[in-house]
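You will see two complexes here that share chain A, one where it goes with chain B and one where it goes with chain C.
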Partner chain A sequence: MKIVISKDAVMSGLQMVHGVVNVRPTLPVLSNVLFQAQDEKLWMTTTDLEVTMRCAVEAKISKGGATTLPARRLLSIIRELPADNIEIEVDEKNSASISCGASFFKILGLPEDEFPAIPKYDGGTTFTVDQKVLKEMLQKTFYAASNDETRFILNGTYVSFKGNKMTLVATDGRRLALTEHEMEFPKESESEAIIPTKAVNELLRVLKDEGTVKIHMTKNQAGFEVNDVLLITKLIEGTYPNFKQVIPGQCEHRIPIEREAFLAALKRVALLTSDKASSIKLTFGKNKLKISAQSPDIGEAHETVPIKYMGKEMVVAFNPDYIMEPLRNLMTDEIFVEMTDELSPGVIKCDVPFIYVLMPMRVG
Partner chain B sequence: MPDSPHIRLLPPDVANKIAAGEVVERPASVLKELFENAIDSGATQVGVAIVAGGARLVSVADNGSGMDRDDALLSVERHATSKIREADDIGHIRTLGFRGEALAAISSVCRFRLCTRRASDLAGSELIMSGGKVQDLREAGCPPGTLIEVRDLFFNMPARRKFLRSPQTETGHLRQTFLVHALGCPAVGMSLTIDGRDAWALAGGSTHGERIRELFGREMMEGVRPVEGRSEAASLTGFVSLPTLNRGDRGEQYVFINGRPSSAPVINYAIREAYHNLLADGRHPYVFLFIELPPEAVDVNVHPTKREVRFRQPSDIRDLIISGIRRALMESGGEFIRGKTDPSVFVEAVSIPAQTAFSSFKVDDLPPTRILGYPHPSAPENGATPSARRQEPEAADPLVPQREPPGATGGKSPWAWCRIVGQVGGLYVLMETDDGYVVMDPHAAHERVLFEKFMNSVAGGTIESQGLLVPESVELPPRDAMLVRKNLDLLKKMGIGVSEFGGDTFMVDALPAGFNDVRIREMLADVAHHLETLGERGSHTRWREEAIAQAACKAATKARDRLSLAELERLVVQLAATEMPYTCPHGRPTLIHTSFKELAKRFGRE
Partner chain C sequence: MVAQESRLTRALTAFDEALQAGRVAQAYLVVGNIRDEGLPFAEGVLSRLLCEGMIKPCGDCPPCRKVRNRTHSDVAWIEPEKKSRTVGIERIRDLQRLVYQTTLGGTWKAVVLVGADRVGEEASNAFLKTLEEPPPRSLFLLLTDNPQAMMPTILSRCQRMVLSTEQESLPEPWQTQLLDILSLPVESGLVGRLSRGILIGQLLDQMKKSVKEQEDDRAEGEDIEEDTLNARIESRYRGLRSMAVRAILFWYRDILLFLCGTEASRLRYPGQAEAIAALARGVEYRYALRNIQIIEGMQRQFDRNLTQDTVIQVTMNTLAC
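== the complex of A and B ==
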């Protein structure tokens, strides 16, 4: 294999795919990126056996072929190269000679056939969505997924195409985020899947604000295709919990609040919570919301935010991260906080289809 | 010297009372003896009733063979039995009892009533005794079989009576005795009535599996696998739990030899061996094993309660158990390696097998040197040797600021400064300190930190608990359920939102803040176990709080297998600030310290 390629092209490709590579992979070849040169394109592929990422960049190919090279080392070399035109030549022993201006590197790779086969999907259904739509939906939900490995069903984002709606849900059993997007597809294409959080994170890096993404759904894997980038992930097997039962049907009070001001005030007050686990107190009073926190060994803080509220006074405590995360990931100016009482779940909504349910904390 | 102490043969009633001390320890032992008699009589239905923890009444009614008038009278004599006739019979006993001591002993320490009739007799006999003396023997109408009522146990032994525990505790022991025998004889229908309320009604003619399901619930059956095995002399059947279903004590291991609940060191050893590598230290499986072997091959006459047995060929039994359990676990395939997918909603039925617990512990990307400093009142900052050494690693990594922990407590910390060197064995954290090196077990350390924080907020009444979106239901084994039920209010006070949900099922709708990755079922079982081991101290709230906190912290840290470096550093700082940094709440060490002095000595430099 022998190619000439621009530094920008290699960099953009490697930056796209290297996130999939595990720091301590189970097989040595999984530290490597698969290079396949053909038809004036260099295809780069990485995998951790769960998530596979593939992308193509332009290259001048004098001799086609394939090899695998250590991904992170390669990235750090390319990043430092002095000039734009890079020549890469790989011999039959898979050692790659990289020359660029006055610099020369020789790095040892592993044969192509040691690299796991790229997953193919047969059957299944395909949906086409605007990249921007999917990106924003993922952003609004993914942070609510659980990191607790004992509840692996929740270690991802649930995606369903049902009833002419795409629905995304993530939850960790304490809070739940849900978004919806109306779209049309035939009844027989209805499908659902749980996408692992790692794949969601990679996907968020791939998706841009323009163009569309093709989503392939099969029984045990999902593929996301954006131009020359392809991300294939195994799905989390199992049945996602019935999240509908968690969403409160009605509420006593619906309180509009300006998002950014609310978030900024929460951030300030949360500085006075002793650690992640302690609570922040919201006191809803006449047209004002008091946010307060105190910890015995640090001190206390409070701040008031003007709101439109005329109901009776209500005090409720939340985990500060749980209430700040949706505010950070929403874009609208105004949000609605729906409350019933101190012990019922709180709900955050906005003017787009988004629901965030969060359980209050009980303070002894 | 009018009262010179001659040696005298004790009168029978005194001898019986002494024997009662051995056989009848508490109401549960009465139940055990009566139960065994009922089963030995060939009964197909046994009804048990207890009142006030057995102190007021323990009664057992069976539909077995019954006795005639003479036998009824003889049955309460010492060493009177129908079960063996000559010494040789002891070698091959097929019945549960045989010593002929039980009724004599029991009847001597209670108000005793026996009604019995053989199916072929027209009338039955009623025998009434009090404190071992026959009060009345008359004909009476009664159904075929035998009914024995033991009232006012130890009424004539006030000292003994004082030793009875609270009715709830004694009821717990009675339930457990009932449960054990119910497991052992699934063919016999059984019922238990506690203070007039039906606690259990178990159908007769069941298999072992059906009986276990009836007693322990469906969830338990999903977590166990059938065991089968056969050697020349013995056969083995039963059920054992997958490694994913485990607990912190051996309380739920039931072994029956020829239908008799038994234990033997070799059996415990075999069970431990069979689960070797599959369970973390201190975790134990649920085990139900039924071993059948010729009576000659086992000696049950080791102790009057016949609990402990000896085998003629222990190695045979050991191999049988190990291979049987291993096969059962193997046949379940990768199921317990991958964890099982449970479709039920939000239920944490799935857990990562314990064997991966250590290997999956990873500290992400440990950089070579990082220093965690502590204010050290006695060490002058510009002192000669210590600070010289202290500067060294800092200089190696000038970008990393010296971290001054907020809560460090001066001279009490275990070190003046420390630096995380790396991780060994995929688990332990190696640190250099001012006067040596320290190996830290991060699990134990985390447990200590969490425990002190938890206890402080319990003591300060500032406990915060995070509600769950969907409450989780947990079905517990009967004994665990009783202990949890007894402490519901305390658990709630400590931030564990648990409430009764009928039977032995509980709903958990909130957990203490910071206890995010807890496997709720394991936690409740551990809480029960810790409460049980408290014994006498259990009457003090403070001890119970500690027991609950210990169990909860243990459950919360078990799942914490992945720590980032930042978390690890925080852990080190927090541990140094605890009151007892050197051990986890269970007493295991968190730190092993080796001084430079000791190193020098070992290397022969001194």
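== the complex of A and C ==
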């Protein structure tokens, strides 16, 4: 294999795929990136056997071929190279010579056939969605997924294509984020899957604000195709909990609040929470919301935010991180907090299809 | 060797029958010599489950080759690692990801736990959760030559597949030298017991030195890194030390058996019956039983990577004879 490639092209490709490479791989070849040079393109593939990422960059190919090279080391080398054009030549022993200006590196690779086969998704259904839509939907939900390995089924984002809607849900059992997007597809294409959090994080890096993404759903894996980038992931097995039953049907109070002002006040008051006293208290009074926190060892803080509320006074406590996360990931100016009483779950909504259900903490 | 092969064949035939009847257990405890029996059994089982050939296992198709090379993406091979030669909780978390996610091949997924008795306590508890409710078409193969060191809660969730019960003895000349030390009349009191501990410690040091010399000779001419060589020496030495602890355990079991009136011919070490009888005369039944628990604890302390001298001295200090 012999190619000439620009530094920017090889950097962008490696930066796209290197996140998949596991720090502690189970097989030595999983530390490597698969290089395949063909048709004036250099294809780069990485996998951890859970998520596979593949992308192509333009290259001038003198001699086609394939090899695997250590991904992180290669990225470090390319990053430091002085000139723009890089020549990479790989011999039959998978030893790669990298020349760039006055610099020369020789790095040892592993044969192409040791690299796991790229998963194929035969059958299944394909949906096309705007990248921006999917990106925003993922941003609004992914943070609510659990990382508790004893409930592995919650370690991902549930994606469903049903009833002419794409629905994304993530929950860790204490809070739940749900978002929907209307789209048309035949009834026989209806499908659902739980995408592992690692794949969601990688996908968020791939998705841009323009263009579309093709989503391939099969029984065992999901594929996301954006131009020359392909991400294939295994799915989490099992039946996702019935999340609809935890979404409160009706509420007594629907309180509009300015999102940014609310978030800024929460951030300030949360500075006075601690591991021992990790709750933040919200007191809904006549046209004002008092946010307060108190830690016996540290001190206390409170701040008032103007709201439109004329109901009875209500005091409810939440985990500050859990209430700030949806506010950080929403774009709207105004949000609606729906409450029934001090012990019922609180709900955050906005003027787009988004629901965030949050269990309150007991007020001491 | 022929008997070993026939036991392995019988076990694989039993698995074939279970597979055909659709009654494959979710977890098998494979008891026997790990290298000669456990690993061939695991490869045989996995080839049967994952083979794409007409006659399974064909041995030639990509899944069969990947099983042989341990590169199949739907199989996790977990072995004791680090200096402590234990399976840590991180590796158990890795296997959880494999178990709870879909397969790439669309068929079975499997976990082979090589040396299942070397799983730490925290990791065992995490593993137990996975073992309790695995998704369908998941298979666990727990290979061990020391099932008594495993948690009963894990054992109770596995179908036992006994390939052999005979555990490897300490090679000569170490076995004879160790039995000679154990046969020495113990001087009364702590000083006597501690001096025996010093002799055992010296014997273990000689074993390590001999392993190092053998491995250094073997590595001559090989392109091998120093770390790899040291890991190889340490691993082989730890294997020998475990055999030595097992030999000591059998010695104290013989003392207990003698106290219970067992004939000399039925002891593990009938040639040392006189020395065993002499030691047994000076100890009560309850202390003889406690000695066995102390020696079992000795292996656990070694597994926790405590220093050799400390473990030996603490053990000898608490023994009753």
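The rule is short, and it goes like this: the second predicted complex is superposed on the first by the 361 of 364 C-alpha atoms of A that agree within 3 Å, B and C clash if a C-alpha of one lies under 4 Å from a C-alpha of the other, contacts with A are read in each partner's own complex, and residues count from 1 in each chain.
Quick note on the criterion: a residue touches a chain if its C-beta (ideal position, glycine included) is under 8 Å from a C-beta of that chain, and two chains touch if they have at least 3 such contacts.
Predicted, not measured: the structure shown is a model, and the values here were computed from it.
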Clash or fit: chain B and chain C on chain A?
clash
Taking the superposition as given, does A:A83 touch the first partner, chain B, the second, chain C, both, or neither?
neither
Examine A:E237 and indicate which partner it touches, taking first as chain B and second as chain C; both and neither are also allowed.
both
Using the superposition described at the top, determine whether chain B or chain C touches more residues of chain A.
B
Is A:L271 contacted by the first partner chain B, the second partner chain C, both or neither?
neither
For A:T26, decide between first (touching chain B), second (touching chain C), both and neither.
second
Touching A:E149 in the superposition: chain B (first), chain C (second), both, neither?
both
Which residues form the common part of the chain A surface touched by chain B and by chain C?
24, 149-150, 152-153, 237-238
Along chain A, where are the residues that touch chain B in the complex?
23-24, 148-153, 171-176, 237-239, 241-242, 245-246, 275-279, 296-298, 317, 319, 343, 345, 357, 359-364
The residues of chain B that touch chain A in their complex are 339, 341-343, 345-346, 348, 350-352, 360, 362, 364-365, 406-407, 457, 460-470, 493, 495, 497, 510, 513-514, 516-517, 519, 559, 561-562
Given the complex with chain C, which residues does chain A contribute to the contact?
24, 26-27, 49-50, 114, 116-117, 119, 149-150, 152-153, 155, 196, 219-221, 234-238
Of all residues in chain C, which touch chain A in the complex?
62, 71, 73, 76-77, 90, 93-94, 96-97, 100-104, 106, 126, 129, 135
